Structures are given as structure tokens and as C-alpha cells.
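You will see chain A twice below: alongside chain B first, and alongside chain C after that.
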Partner chain A sequence: MRTKRLRMVMSAMLVGALAAGCSGGGQEETPQETGPVELTFWTWAPNMDKIAAVWNAAHPDIKVTVSKQAGGDEAAAKFLTAAKAGNAPDLVQAEYQMLPSFVAAEAVADIKGEVAGVRDQFSDGIWNLVTLGTDGVYGLPQDSGPMMFYYRTDLFTKYGIAVPKTWDEYAAAARTVHAKDKTVYLGGFSSKDPGWFAGLSQQAGAKWWSITGEAWKVGINDDATKKVADFWGGLAKDGVVDTQAPWTPEWNAALNGGKIMSWASAVWAPGVLSSNAPDGKGKWAIAPLPQWSAGENYSGFWGGSSIAIAEGSKHKKAAAQFASWLNTDAKALDLLIKEAAIYPAAKSGQNLMTTAPEYFANQADFWQQATNIAGTARGFTFGPNVNVAYSAYKDAFDKALQNKSSFTDALGAMHDATVADMKKSGSPLASL
Partner chain B sequence: MTTPTRGARADRAGATPYLYLAPAVVLFTLFIAAPIGYTAYLSLRRVQFSGLGLGKKSRTEIFVGLDNYRTAVADGEFWAGWLRVLGYAGLVLALMLGLALVFALLLDSARVRLARFSRIAIFLPYAVPGVVATLLWGFLYLPSLSPIHATLRTFGFENVDLLSPSTVMFSMVNVAIWGGTGFNMLVLYTQLRAIPRDYYEAARIDGAGELAIALRVKVPILAPALVLTTVFSIIATIQVFTEPMTLRPISNAVSSTWSPLMKVYRDAFVTGDLYSAAATSLVIAAISVVPSLLFMRLVRRQAFGEER
Partner chain C sequence: MTTKGVRRPLGLAPTAVLLLGALYCLLPVCWVLAASTKTRGELFTTNAFAPGTGLFSNIADLSAYRDGIFWQWMANTALYAGVGALLSTAVSVLAGYALAKFRFFGRNMIFNVLIGGILVPAVVLAVPQYLLLAKAGLANTYWAVLLPSILHPYSIYLARIYASAAIPDALLEAGRIDGAGEHRLLRVVAVPLMLPGMVTIFLFQFVAIWNNFLLPFIMLADDERFPLTVGLYTLLATGANQPALYNLVITGALLSIIPLIALFLTMQRYWRTDLSGGSVKS
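Entry: the complex of A and B
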């Protein structure tokens, strides 16, 4: 009898404990009446915790806790999933191209009212990236990634080529270099970096998405982008540009060992070069990107991100205060530059950049050049399904590289996948 | 303590089994049945935008019946993915289980030296997480720094690309075998150690050599364990995800839909279409069950015949 009762009690306890264990996580969070406001912040910028500590010391009523994230597509997916599950952070670093999908998923808040005071700190082009061309404001610009041409000065001399002013000169130089040494390439085409391709297309004047009235217009296979795709397709087909997947130890070794002599990259490249190609220190320099026609002067954007506030945040106002401080306050901008190696989006921040990065010690006017180039960069509106387009880019161009098939077709596949996705979700599409 | 009446006793006896069952039922409901139910629910819906899809309340979830299933099944890439996975699974099953069996038999035979060391050495890769193992091998597949390529070059094979469309599957098979052989070997080996030694003695007296003992005594007795390892391996290889996903960034030959599960991942987390992902994953679940059941049916008599 006794053992039976004991068993019953024990199993009852087990069930009870289990139920308690399951409900433990679901308790309603009561807003704190007293004590500081607690904010969580997802970012992948290095040393952001140090910058938050400076804010926390000066603002005892608003405490920001930084949670370091991995960047890339995964970061966006993680945030969207967290928002759907109702446990998103208060603040999140969002790449510009991901912002529209965050807005479409109602994961980030319109903070127009909270940040009206800092509007004139940013140029119109950059501001457009956080308003998405609408009346709302969905984040504050943090950094931008104007593209420029990085090249090895010593190797350019060795192979007797000049810095290409136009893409035609670039193609000729690519052929010359590869003819002289089969193991060396002037540069590479990356099927893994849709953002890179987007930036080069922007330079050519592409408009992948635009809004006409109440409808989206998709122009991924517009003439400007076709021109860019054909250009790289030709070079890839002839094998005169490197087509290996970048961001691998193999690629690092090629960059470090001078097997890749130049890189059309963005203003954040010094950080990449100094860690991935340490041997090249003092040998690289920057110039504007090659142009499509002589006399033109354009660039595009690769990367760059904003700080957005989650729709689910209970402290939007406090979060907006922190975001404004982080991206416009002189002290914060100085910290962003020094600690996080960020090229700030705020106009005042760009004046703070005086000393060239250590890796570019040989080019004293590095920031002056960068700022001039940044002024020539043009962007386009990002649509609500950049994630779909970018994923299609990787698949289509991977395949084109493998099969040595037409880049124009790959571009067409990317365009069709993007349009099909928008049709499926019922987005109104303007006819082309 | 007073003796309870008959009725009370019967009641108590009636309630107790359910209480015992409760933890399992609760866990099953919470972590298996409910998620599957929710997946099924999601698979019948999709998001509908109104206007530009920006701004508030422009996004509604609607019921679409079996549309998502139709799209999933009509996608050629999905079936191409299955073909790739079948090729991959066939290779892994044959090579990995073959090796596991050979190693188990070798370790069990009386003559082998360094048995303990070899056992641990073969098992150890199983303790390395799949992502780490694939990254490790992935870096070894990259030519300029890899000892594999250095070795190939000394034998006159220049410019071998282990990550090209025609080779990348074998590169993945290699990772799977490296990681999985040890576990399967251990299952088989443990079973072998449980066989009474008398059998071997009897066989030897009948004039059987080591090879004959292995093939005619050990392997038939191992049959149930072989069935078990095969079923586990079928399920694991059909769901291949880690290897292609981890090799994708370093190879141009692995698409985002290389395996059916990768397509689910892409839909759910890259392109944000949970609804298609839900439908596809249920289709995959249904398809995955088939080979396992077929295999079980095929071998039931041989493997478990004596138990029935």
C-alpha cells in the first residue's frame, strides 16, 4: 500500500515539475516600474559592447546590453524568426537591403516621431535607404559602403599596367596579367556576394526595384545590369578573372600572396585586408572604380547598415534615444570609427576620419579619397524580397560559372525568381 | 493504516498507469505532436500583401488549401535534390556500413594488435560535430594549402578540383564516412563481443578458419545489429544537410537546393516563406519513411525470424 501511494505521489510530482518547467519560460514580463530601462542590442560590429558601456556610464536610466551576432544572411533570418516568436531584441543592426523585408514582416517599428531631430545629419541618398521611399522611418543609418578600387601598387608596376580608368581598360589589363602569369589574376568575380554585384550594378545606373504609384517595378535584368553581367561573363568565360568562392582560406592565401592583384570592394575593405592579407600591408592603394564610359564618375554601395528598433520592443522611445546618440553624437561616432572600424553614415562622422588606416599608411590621403568617392556613389531602392533575389543570385551565378554558361541567362533567372516571389505574395507589379 | 475498500483500490489502480504515462504523453504532445500539427497548419497558408507590402497591416495570412504542396511537388529542383541525395545515400550506406563491418570483424578477431587503440581511433571522428568535421575537410579540399593536393601532385595529378560539380558529392561522402563509420563499427563490435565464444570453438573443431567463422557465424548473428545500423543510416543520409550546407560557401557546385532539406532551410530562413517550407518538410517526412519501411519489410524475416 505504502509503496503504491509513494509511487503515485512521485509520478504526480513528476508531472507537476514538468508542467512547471514548461510554463517557466512563458511568464508575462512585467514592465519595470522602477530602475533603469533595459535594452538589448543585436549587432555584429566589433567592440560595440565598449561603446555601449560609454553610453551606460552616462545614462544610468537606460541600460543597453550588447549581444554580439554573426553577420550575413543568417543574422537577418535570426532576427525575423525571433520577431515572429515574440522575443526580438529592442535594437537590431540591419543591413540596408534587409530593411524592406523587416518592414514587410512588421518586425521593425516606424520611428519617425522619435528621430525627427537628426534627419539633417544624413545625406538624402542615405536617408532614402531607411525610409524606403515611404513616409515612415525604419531605422537610423549607421555606416555606408561606397565602393572603390583596391589594388597592389607593387604588382601593378611589376606587370606594367596602369590603374584602369574604365572597365574596358580593366578587361584589357586582366587579359595582360593572366597572359603573363597563369597563376595570377587582376581580380575576381564572386557568385557568393550578391551585394557586390548589386553595388557594381548601381554604379552602372541599375534600378533593381522602384516604386511607381502603388506598384513595384522590378528591373533586375535592366540594361545597366545586363551590361555588368555580360562584362564579367566574358572575362569569366575566358578564364582571365578568378572565379573561386571568396572568403575562404584559399582566397585569403591568394589575396595575401599577390595572386589576386586588385579588388573592387567597399570602404570597409581595410579591415578585411589587414586580417586576411597581412603581408600586403603598405602595398595596397585605392582609386575610384573603373567607369563605364570615360569621363563619368560613379560608384555604388556594397553593404552598410542601419540600427532599427523592433516592433515588439516595450521601450521604443529609449531605444530611439540610444540609436540617435550612437549614430550622430560626436563622441559616439569617434568611438564607432576607432573601436568598431566603421565608416559612419552621418555627415559629421566623415569629417572625423583623418588618419589613414594603419594598413594604408602609405596612402596619407586615404580618407580624403574615400570621401570624394563616397560622394559619387549612387544607390537604388531595395524591394521587399531582396533575400529572394540574393539567394537566386548565388544559385544562378554559381551554375553559370560551373557550366561556363551565359551570365545574361543567370541574370534572367534571378529576375524571374524575384518577380515570381512577388507575384506569389500578391505584391502589385507594374508592367515593365 | 486502514485497508481501503475494494472500489477505492480499483480506482487507484485505474489512475496510476495514466499518471505514469503522463510525462511521456505530455512530452510527446508538447515537443512532437504539437509542432507537427502546427507545421501542418502552416503548410495550408501563405502571406498575402496588400499595396507595396510596406507599412502596417499590409500583410495578412490566408488559407490556400493544398497550393503549397502542389508547388513543392511540381518543383523540378526538389526532385533533382532527391536524386542527388539518393546517389549520396547509396554510396555512404554501402561504403560506411561495409567499412564498419570489416573493422568490427577485424577488431574482434583474436590476432589483431593494438585493438584498443584502433577502436578508439576509428570511433573518435564520431565525437567531432558534423559542422566542424565538414569545415575541417572543406579546408583540406581547397588546393593551395592542402596536403591532399600536395600528395596528388607528387603522383602527377595536377589541378584536381575536389569541389567541382563532378567531385563534390564524393567529397561529402568522404566526410560522412569519416564521421559515421566509428559509431556503426562500435554497435556491431559490441554485438560481436556478446556472442558466446563457444560458437567459435565449435566452428573451429568443425574445421572453419577465421574467414569462414566471420562469414558463416559472425555475420548471420550480427544480422539484427546490421539492420539497426542500416535503418539509422538510411534516415540520417536521407536527411543530409550539414555537409552540403557547410561546403556551400567554399564551392560553386552546391546549390541552395542541393538536398531537399536545404530547400526547406532556404525557404524558411533565407527567403522567409515558412509556409512552403512547412509543406515541403511534410512531403520529405512522408518520403523518408518509405525506404526505411521497405527495408524493414525486406529483411524482417531474415533478421528477426527466430524471434517470432
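Entry: the complex of A and C
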């Protein structure tokens, strides 16, 4: 997809120019506490301005101004650039995988003291994404993307297969389906969605990065991830899973036309399905992801974001107040669900989701199921150069698909590229 | 081109190549035209070049999106491109004229530096420019986009080439002998002669600023000041949990090229005139 390439090029350029060296602006001015505190907030969630208006009406002393930004990798690059120049907004929406790069650049503040009161609103798996496994807290979770298994009920009946409980059953079902009809696939492997692969690796128990003391440890080619890569590599080699690039018109058509029968995706998939596969309405259902061994019950995260507070902000306390309200207050969560259409990270917010999405009208307990699955999702700590690892994923697995070569080698290449970049940028690495 | 006495060969191959080129350029435009008429549901399900039924509902949706912010972006873009191109043309013409017609110390060095500047793509400069303007407290203002657009080495280069070709030295000399000052010469002789070149430079810069993405993307934080390119991009990159608003983006893209087409159609008549033709004997 063109925009994806554009994004990659742009983020690479922005980050490159930053690395080339530029001195940060100072923050010497003393705050002038006259009148209400003014906070700026960069976000890409829709209708956030309306939600901020509700806050502003109730809090005349803290005025939040929302500036809607484009989402994605370059949003992170833009924030880092602004932070370098001393121009960062007070509050910023940060995807979980981007948060460590913000922390490494000292662009976001540790707000442990300000948000201690809301800790128990979030599950351990999600909280770990904003602490990076350290003592600090670098943001408040806003939305999360626990992964689950979306499937076409009518087609599963037609081809006589049951919802796979384990990945072995999934592989068997994939072979059965493709043997019956060469044009139909049970599901797909995406070399374009590193976040998807990260989520599946989380489910398998992978730990791509971890912090020991002051040093990073990289484990992208750990046993759990190798297992995931080998699994998909085998299916792709036999041609029994779809390997075309997702998010293209062709992929949309395949999804819409029932040529792809299931999708291991995240909780935000209903929005994608209803817009990209309108004909499937009422035919899809959800189930937990297939497991690696029978009896287990795990999931991973694909996507989701947090609200972080800039290190350069002059009103960290007020900003933390707003961030806490936005992500834990019952009224705010209700607005986030209705206006911004997000799946809130807070437990109490997840309980507010009661009416199944229109697209899933056939599955009345959609949100109960989703909440149960969300409870089983385990994340891992992201490293400071996720963008590099993700680009390496796309390069390596694209090549592996093209040359029909080993996925294990592709994973090794991704690992090596990530480690090499961390060495180059001077991140402290633990001896491996 | 001279046709006298020479029989032109039948240019079948060149015509074919040009037709192919035209097709290559026009096909995407046709696609945008067709796609902008499609509703969300029709966009990916119907034939790529078949017209849909939703053009007016798309325009209405786009106008209604966040209380019509699209038209604010359109006005911003017109401001950036219009004012930016005017200022840039003025600076380029002055600089180009001076470089072409005056001999002064360092002239060649300045010109060589400018030539070097042409080789540096504007996107590479965007981040350093941002850091500079942020220091000056001008980031996230209209000036942040206008100022970097004003100095454009390639336009100065064009202006110099055009000035040396279009303004005969003899004409300036005659003016000086008649007692005209340098300012008057510039106003009465140089600028009118350079008008076709100025139109070219203006159009170049106008289109470049109109389509510029990275500079405003980095410079501007406040979405009320976004130009169309950056604004439409926020519709496209809506985060993982929202489907991209493809039909609005495509309709917006179509609407955003209409002013450019109109500008080209109205300005192109200035292009072919050659004012100095016959003014002096050479």
C-alpha cells in the first residue's frame, strides 16, 4: 500500500534527521499561574475534542485543547521532533510499542506519583505496557487490542470444520479447507503487519525485549517466537494459508467474498470488517485464539495506545489529572466508547460495553466474550527501536514469502537487525 | 519549429509514446474521478472505473466532517500557496535579475551556492527548518509554512536564466543613457519583460506549495492551520481501531485538484508571449 511505504519513508527520514543531532530547546521560563491552566493534547482518536469539551465544562481551571493528528509511526516521529525543539504538547497519544522510544528520548515524564490512585483500574498485562517492566509509569492506558479469532460461521458449517481450539487444529483445518476448494483459505499470514505477529508471539509467551538493571535484553528469536514463525512458515510453504498483503482492495474483496474464512485479529476488527467486508454482516462470530497446547488460555495484544505526558510540559500535575479522568472516569469512558469508538483499557470501561456491534448482531454476548478474552491477554515489554524491528519484520518475511525460504531465518534476520540498530544508537545491551 | 522545405516524417512512434505518457498521467486522475462518486460500500466492491452513486453524499459528508474543517484546510492551502508563491516569485525575480545583469564581487559564488541548493531536496531541510523556527517561536504559525517556501533556489536559477535571455543589455544601457535610475529600470523595463518567466515561477511554486506535505506536517500542530495534504492525511491514518475514511479522502483529493486545474487553464495564456521580440536589433 502506498501510504504504508510513504509512512515508512517519512518516519525513517524524521528519525534520521533527529539522530543527526540537534540540540533540544530549553524550558527555562517559569510557569505563570494566572488564569486557567492551558493544556494541549495530540491525539488521532475521533471526536476527542467533544470529550475534552465535557472536561472543560466541568473544570474551568484546567482547559484542554485537542489537536487532531494523523496516527501511525510518523505521529511518534513528529512528537519526538517537537519534543527535541521544546515544542511538545502537554499530552500525547502514544501507541504502546512507541512508548519506549519516547522514554529513551526522555520525551515523556514518569507520572508514577500522580496516577498511583488509578493503578487497580487496569489489568497487569496492560499496566506492564506503560511501565515497560520498570518502577516508573510513563502513560495511562487508553485503549487495548486483545486478539481473538474471527470466523465465518456459515462457511465453517459449509466446509464441515469446527472452531479450532489449538493451533494444530487450525493447521489441520487450513489444509482441509484448501483441499476442498483451492480458491478458499482458512486464514492468512501477513508479512505487512508486524503488530499482528507481535501479538501472536505474546500469546506464545515471547519476550522480545526486557530490561535488566540499566540494560536491554533482546529476545526476538526466542523459542516461543520461533515456534510461531515455524508454524506459519510451514502453512505458507504448503500454500494452505493466504499470504497476500492485507489492507488492499484485493484482500478486502477476498474477505468480503468469503474467500478468507477467518481472521486472527484484535478487538477493533468489527470496524474494519463492517467497512471492508460489508456483505459479511451477521455471518461472523468470535472465539478465543487457538492455543499452543490444549487447556491453555492466552491471548496477545495487537494495537492499542496510551496517553503520555511530555517531559517538557509545565503542568504535569494538571495533565495527569486530565489523563486519569479520561481513562478511568465512568462518564469519560462512556464517551470514549460512544464518541471515539475505542475499546477502553480500563476494566470498568470494558464492562460498559454491552450492546454488540451492529455487524455482530448475531452474537449477543460479543462484549462479554471479548472481556473474557481481554483478561487472558499477555503483553511484553517493547524496546526502544520497535520501528526498526517492525521494518525488519516486513523486509525479512516479505523476502521469505517471495523466495519460499525459511521463516526461522527471517526471524533471525529481524533479530539481528534490531540488535545491530540498538548497538549503533548506543542503547545499553545486556550481554547475551 | 521550421517546416519550410523539410518534409516531416510521419511520427507514429513518437505519437504512440506521447499517447502512452498521457494515458499514464491521466489514468489515475480518471480513477479518482470515478472513485469519488462511490459510496463506502461501492468503493471496493464495484469495477474500478465504473461510476458510483455517491458523489454528492460524499461531498456532503466531507463538508460535515468536524464542522466543515475540510474547507478551512482548503482556505489555508490557498493562503499558503497563494501568498507563498507571490512572495517567492518576488524574491526570485529580484535575485535572478541582479545575478543576471549586475557584475559584483561574489556573484559567481552566490550563484554556485544556489545551484548547490537545487541539489538539496526540500524534504531534507524540513526538520532543521522546524528546529530553527521553533527556536524563533514561529513553529505552529502560518509563518512556519510561508517563510521556508519563500526562498527557492530553483526559481532564482530560472529567473536568472530568463532575465539574461529576455532582457537585452542594450535596452538597459539605453535606459541608463536616458537617465533612468536602477529602480525605475527594474520597474519599467525588467519586470514587464520578465512577466512570462514570473508566471512560470509563480505556477511552479504554487503547485509545489499546494502539494507540499512534509513541511506543514512537521511545522503545524494545530489542525485548524493544516493545509489539505496534511488534513486529508489525518483522515487516512486514523489509528488502528478505526477504518480509514477512504471515500472522504478520495473525494477530498478530487476537490483539492480542481483549483490547480483552474489556475493552469487561466494562467497558461501568459506563457507563450515573448515581450522583447523585436525591441532591439541583434
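The definition used in the following text is that the second predicted complex is superposed on the first by the 391 of 432 C-alpha atoms of A that agree within 3 Å, B and C clash if a C-alpha of one lies under 4 Å from a C-alpha of the other, contacts with A are read in each partner's own complex, and residues count from 1 in each chain.
One rule holds in what follows: a residue touches a chain if its C-beta (ideal position, glycine included) is under 8 Å from a C-beta of that chain, and two chains touch if they have at least 3 such contacts.
Note that the coordinates shown come from a computational prediction; the quantities given were computed from them, not determined experimentally.
Once the two complexes are laid over each other on the shared chain, residue contacts for A:104 go to chain B alone; chain C is not touched.
Within the superposed three-chain model, A:276 lies in touch with chain C and out of touch with chain B [touch as defined at top]. When the two complexes are overlaid on their common chain A, residue A:54 makes contact with neither chain B nor chain C.
Contacts of A:68 after superposition: chain C is touched, whereas chain B is not reached. When both complexes are overlaid on chain A, the residue A:429 reaches neither chain B nor chain C. Of the two partner chains placed around the shared chain by superposition, chain B is the only one that A:245 touches, whereas chain C remains out of contact.
In the superposed model, A:134 makes contact with chain B only, not with chain C.
When both complexes are overlaid on chain A, the residue A:195 reaches chain C alone and has no touch with chain B.
Using the contact criterion defined above for the overlaid structures, shared-chain residue A:388 touches chain B, although it does not reach chain C. Shared interface residues of chain A (contacting chain B in one complex, chain C in the other): 7, 14, 18, 22, 74, 81, 84, 249, 253. Every residue of chain A that touches chain C in the complex is listed here, in rising order: 3, 7, 10, 13-14, 17-18, 22, 25, 40, 42, 44-46, 49, 67-72, 74-75, 78, 81-82, 84-87, 89, 95, 143, 145, 195, 249, 252-253, 256, 266-268, 271-272, 274-276, 278-279, 302-305, 341-343. Every residue of chain B that touches chain A in the complex is listed here, in rising order: 1, 3-4, 12, 15-16, 19-20, 22-23, 26-27, 30, 46-56, 58-59, 139, 142-145, 164-165, 249-257, 266, 269-274. In the complex of the two chains, the chain C residues touching chain A come out as 40-41, 44-45, 66, 123-124, 126-128, 130-131, 134-135, 139-140, 214, 217-218, 221-223, 230, 233-234, 236-243. Residues 1-2, 4, 7-8, 11-12, 14-15, 18-19, 22, 73-74, 77, 80-81, 84, 100-101, 103-106, 110, 132, 134, 136, 191-192, 211, 214-216, 243-245, 247-250, 253-254, 384-385, 387-388, 391, 394-395, 398-399, 401-402, 421, 424-428 of chain A are the ones that touch chain B when the two sit in their complex.
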